[in-house]
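Input: structures, listed below.
Shared chain: chain A. Partners: chain B in the first complex, chain C in the second.
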Partner chain A sequence: MVLLKVEDLSVSFRTFSGLARVVENVEFELGEGESLSIVGESGSGKTTVLRAILGLLPPNAVPRGSILFEGRDILTMSEDEKTRIRGSMITYIPQEPLVALNPFFTIREHFVDRLLFGSKPKIGFREYLEYRKKADEVVEQALKYMRLTRVPDPETVLDYYPMQLSGGMLQRVLIALALVSEPKLLLADEPTTALDVITQLEILELLRKLQEDLGLSIIYVTHDLGVAKAVSDRVIVMYGGHMVEMGGTEDVLLNPMHPYTQGLVEAIPKLVGGEPKGIEGSLPDYLDPPPGCRFHPRCPKAMDICREKRPPGFRVNDRIVYCWLYGDRHE
Partner chain B sequence: MRFRDYAIRRALQIPFTLFFLSILIFYVTRVMPGDPVRLYLGLEATEKQVQMYRKLFGLDKPLYLQYIDYWKNLFLHGKLGLSLYTSRDVAKDIADYLPATLELVITAMIFSIIVGVVLGVVSAMYRNKWVDHLLRVAAIAGVSMPRFWVGILLQLAISYYLGILPISGRMSTNIMVHRITGFLLIDTLIQGNFHAFIDVSEHMILPVLALSFSPIAQIMRLVRASLLEEMEKPYTSTLRALGFPRNLVYYKYMLRNALVVAVTIIGLLFGFFIYGAFAIEMVFGWPGIGWYAVKVGLAKDFNAIVAVVMLIGLIYTVTNYIVDISYAYLDPRIRLKMEVK
Partner chain C sequence: MSRGVILETRDLRKYFPITAGIFGRIVGWVKAVDGVSIQVAERRTHAIVGESGCGKSTLARTLIGLYEPTSGQIFFKDVELTSLKPEEKKKLLLKMSIVFQDPTSSLNPRRKILDIITSPLEYNRIGSRSERISKAKELVNLVELDETFLNRYPHELSGGQRQRVAIARALALDPELIILDEPTSALDVSVQAKILELLERLQRKLGLTYILITHNLGIVRYFAHHVSVMYAGKIVEDAPVESIFTNPLHPYTRALIAAIPSVTPREEEIKRKLGLRALPGEPPALSHPPPGCRFHPRCPKAMDICREKEPPMVTIGESRIACWLYERKDTGKNT
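Up next is the complex of A and B:
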């Protein structure tokens, strides 16, 4: 069953120097229990897509299109509805675990508030005091999820301040904090980038297992093809705010079709063989993006049509590639 | 290092600071141009009289002996030396004048913290809306206007033209209050004299307002700025992304952090209030330590000057100490780091 359907999503930002057209025409579907990675270099718009799904775009953002979660459009929801959905159905693991929680409050405080008030858009002072009496009751739920994410000795950790925990441990705590509301969709923004390699593997394994056990749908945003390969069924490759390729993760990585994806895969350092190759040039200027395909100034296989017309998504087997190499050039 | 050790070690610095301050101010008052004794005795005094009084004040001794005598006097007899201005012991003067200032300053401080924090929160919540713009313009006016001038404006508008509140003084002349603590608001309440309580409160309103205007603006701006800074922090977006109620994030998670920052300035403001009280007390004829300081300063009343400066030094160092300690206590990052080491 389709849980999330993103249709023709575009996000622009009003800036002092004009309108920055960052994300354009992103479209994909996510089924229940499915995992998807959005891969791209820094500034390719992947986090913007994620924040649009969370309904947390900055005030200067202008989104268009639609993001249907269980049939309801997040972009047209009121603030209150979005808060309610974030507190229950859609949840999020941040990028930098070390700064992701308020340093002045214990882990317990964060869990209790999330469990008691997680899906309320607003809370009155009296209501707050009244509910806080139930704090001890909900701690069990917190402990249950901390055990699930394999936080060692959760009873002690509960009374720690964030700064007393290591990055890996905090990430486990944060995953528990995200899952404690029993959500359907988990959005993970570079969940392992700030961690060392060993911890990274442990966290990814944990996420993979949780996904299977709880039937979660997960969207990972990452710049690391290795992470995408380890955790997701499908992958979307983004460049300059456009989707360039979408398909099964293994398939895309073993047999990349879009010249950008090919460049990315070639840039991975290998154990055997010489120096990895990079892609010449840098990301487009969003205030004045190149016409046609946004990758054409850097593309080794660019053709005339690439400079004029944007390539639509061409279906090749189970894959969608946004490149004229695979389409009818005269269309 | 444990938190308690830190508190004690930091406390030990206070006597040192005050010791150096005492040497400095003692020296300065003794080398000031002008002869305090001649100023005190007037033009007609004979040389013999001058010598006699010089001896009486101990001014004929070498400086270091005068200094030692000063401390002996303080520790053995609890005396701060004779005042040239009031002709009695300075300690008595201070006991008389200090409560008036403390009453004014503490009231003004409580008032400006409450109003400043509330306005800062309002300003941050409605940032870049008209409420915020209005408050920020008012805040600039608040920090720019000298407080004695604000005091005069208030006297002119509210007391002179409108005639609502008394123009100066601490209470009306027809009212008698038996002094117990020296804090008239408390004394009148203890004695159940509500008529006097109202009268004293009325006299306080204008000086408190004049004194609080600029601190309110400063606290407001600081709270606003640190709240906006908290908004940009990653934890705010995490909490929002996890569906925490908006006002819970604002008033619990963000405000707590912002207030810890504000504690620093609030502590410093206390010293600032005392010094601000100098001008306000002159304008409003408030018989406090600031008023006293101006009078004794003009009279070159060296014993009183030393005492007033030391007193203000003491208040400054102690409030700074409290700020440091509470800052370390309120921020778990500092507190825990201490316990780890």
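Up next is the complex of A and C:
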């Protein structure tokens, strides 16, 4: 069943220098229990897409299109409605674990906060006191999820402050915090970038297992193709705010079709040696993006049509490639 | 010292005191670098890899004199640094420079690129203003930037361009050895490959020696000639890059290679062939390292002796390993 359907999503930002057209015409579907990675370099718009789904775009953002979560459009919802969904149905694992938690509160307080007051738009003082009495009851729930994310000795950890925990531990606590409200959709923004390789692998394996056991749908945002491969079934590659390729993760990495994806795979230094190759040039200026395909100024295979017309998504087997190279097969 | 070695450390230690109370009573030590002996070959790239907090950056900073070593010796071009008078030492240290991890924070946002690149010359009172400007032009060309960049500010540059500026600044005093402290970890992969290509060209052109501090083993594979793997303040394996990747010996090195997310099926095949598995757990606190081998609490092959005695360095072929597994084989052969 389709849980999330993003249709023709575009996000522009009003800036002092004009309208920055960042994300354009992003479209994808996410089924229940499915995992998807959005891969791209910094500035490619992947986090903007994630924020749009969370309903957390900044005030100067101008979104268009629709994001249907269980059939309801997040973009047209009222703030109260969004708050009700966010933190209960849709939760989020942030990138920097130490920044994401309040240093003045213990882990217990964070769980109590999330379970009692999360996804409630307005709470009066009387209500607050009423809820506080239930604090002890919800701790059981917190412990259950901390065990699930394999936090060692969770009873002790409950009374720790964030700074007393290591990076890997904090990330486990954050995952537990994201899961404790039993969400349907989990969004993870570079969940392991701040961690070391060995810890990273443990966290990725944990996320993969949780996704399968709990039937979660997860969207990962990452710049690391290796991470995408470790955790997700499908991958979307983004460049300059546009989708360039979408398909099965293994398939895309093994046989990248879009020249940008090919360049990206080439650029990774690999264990087997061989020289990684960079891609000439830099990201387009969003205030004045190049016409046609946004990758054409850097593309080694650019043709005349690439400079004039934006390539639509061409379906090649199970893959969708936004590149004119694959156009003739279709038309 | 053997030929072709530009830098050598012998039993180098750097401890940081942990103080308590208003009088700063020392209650313990953080042993960030604990008895490190390495040899860095001239015109080569020597990588130091390890997880965060293993002491690799402290080692690098001690080498270029940013920290005073607690004990041990550093030889740079056959001269023992710690025995030198301050002014002589300073002169020698100018032959070494460093490129930091994050070019956004290592470049002063209020100075123009010209001033940033020439600041080492200015600080050491080398050359006149016009000489410095012509040197700056030479340097930006060397890092393949346009001369117009000299009049810009760091915020006008992309991440890759900023790192090129940081490299140009490191080259300002014509160093022989450059420490690259995670030079590309703040950059995107497509830019990262470009910076690595540039560094390699500069090495060939100027005969530079690099000490590369990183946790990215993919970069090490492509870029380095020799690798020292560090764990909790100690070198656990020291070998040419080929043997680290084709025949990793220390259990920690094996776990580290296993943990890299692989992209291609060939990489996975290698991991499978070597029988590599990732290990759970985290490195110990450097203030209270475990007794014996510091890796033993996480080691799948830990024996009784590992818990009691620190393993000595054993030489096997071109590799040096600090692990009791290989010590036993060694003595077994001899007796």
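The rule we apply is simple: the second predicted complex is superposed on the first by the 326 of 331 C-alpha atoms of A that agree within 3 Å, B and C clash if a C-alpha of one lies under 4 Å from a C-alpha of the other, contacts with A are read in each partner's own complex, and residues count from 1 in each chain.
Definition applied: contacts are C-beta pairs under 8 Å (C-beta built on N, C-alpha and C of every residue); 3 or more make two chains touch, one makes a residue touch a chain.
From a predicted model like this one, the values you see are computed outputs, not experimental measurements.
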> Which of the two partners, first being chain B and second being chain C, lies in contact with A:K229: first, second, both, or neither?
Replying inline: second
> Can A:I74 be said to touch chain B (first), chain C (second), both, or neither?
Replying inline: neither
>> Just checking: does A:G168 make contact with chain B only, chain C only, both, or neither of them? Give me first, second, both or neither.
In response: second
>> For A:K120 in the superposed arrangement: first (chain B), second (chain C), both or neither?
In response: first
> So, A:P269: does it touch chain B (first), chain C (second), both, or neither?
Replying inline: second
> What is the contact status of A:S181 with respect to chain B (first) and chain C (second): first, second, both, or neither?
Replying inline: first
>> Let me check the overlay on chain A: which residues of chain A are in contact with chain B and also with chain C?
In response: none
> Once bound in the complex, which stretches of chain C touch chain A?
Replying inline: 51-52, 158-160, 188-197, 215-219, 221-223, 245, 255-267, 270-271, 278-280, 282
> How about chain A: which of its residues touch chain B in the complex?
Replying inline: 54, 56, 79, 83-88, 91-92, 94-96, 99-105, 110, 113-114, 117-123, 128, 161, 163-164, 174, 177-178, 181
> chain A touches which residues of chain B in the complex?
Replying inline: 233-235, 237-248, 252-253, 256-257, 260, 330-333, 336
> So in the complex, which bits of chain A are touching chain C?
Replying inline: 41-42, 166-168, 196-202, 204, 223-227, 229-230, 253-254, 263-280, 282-283
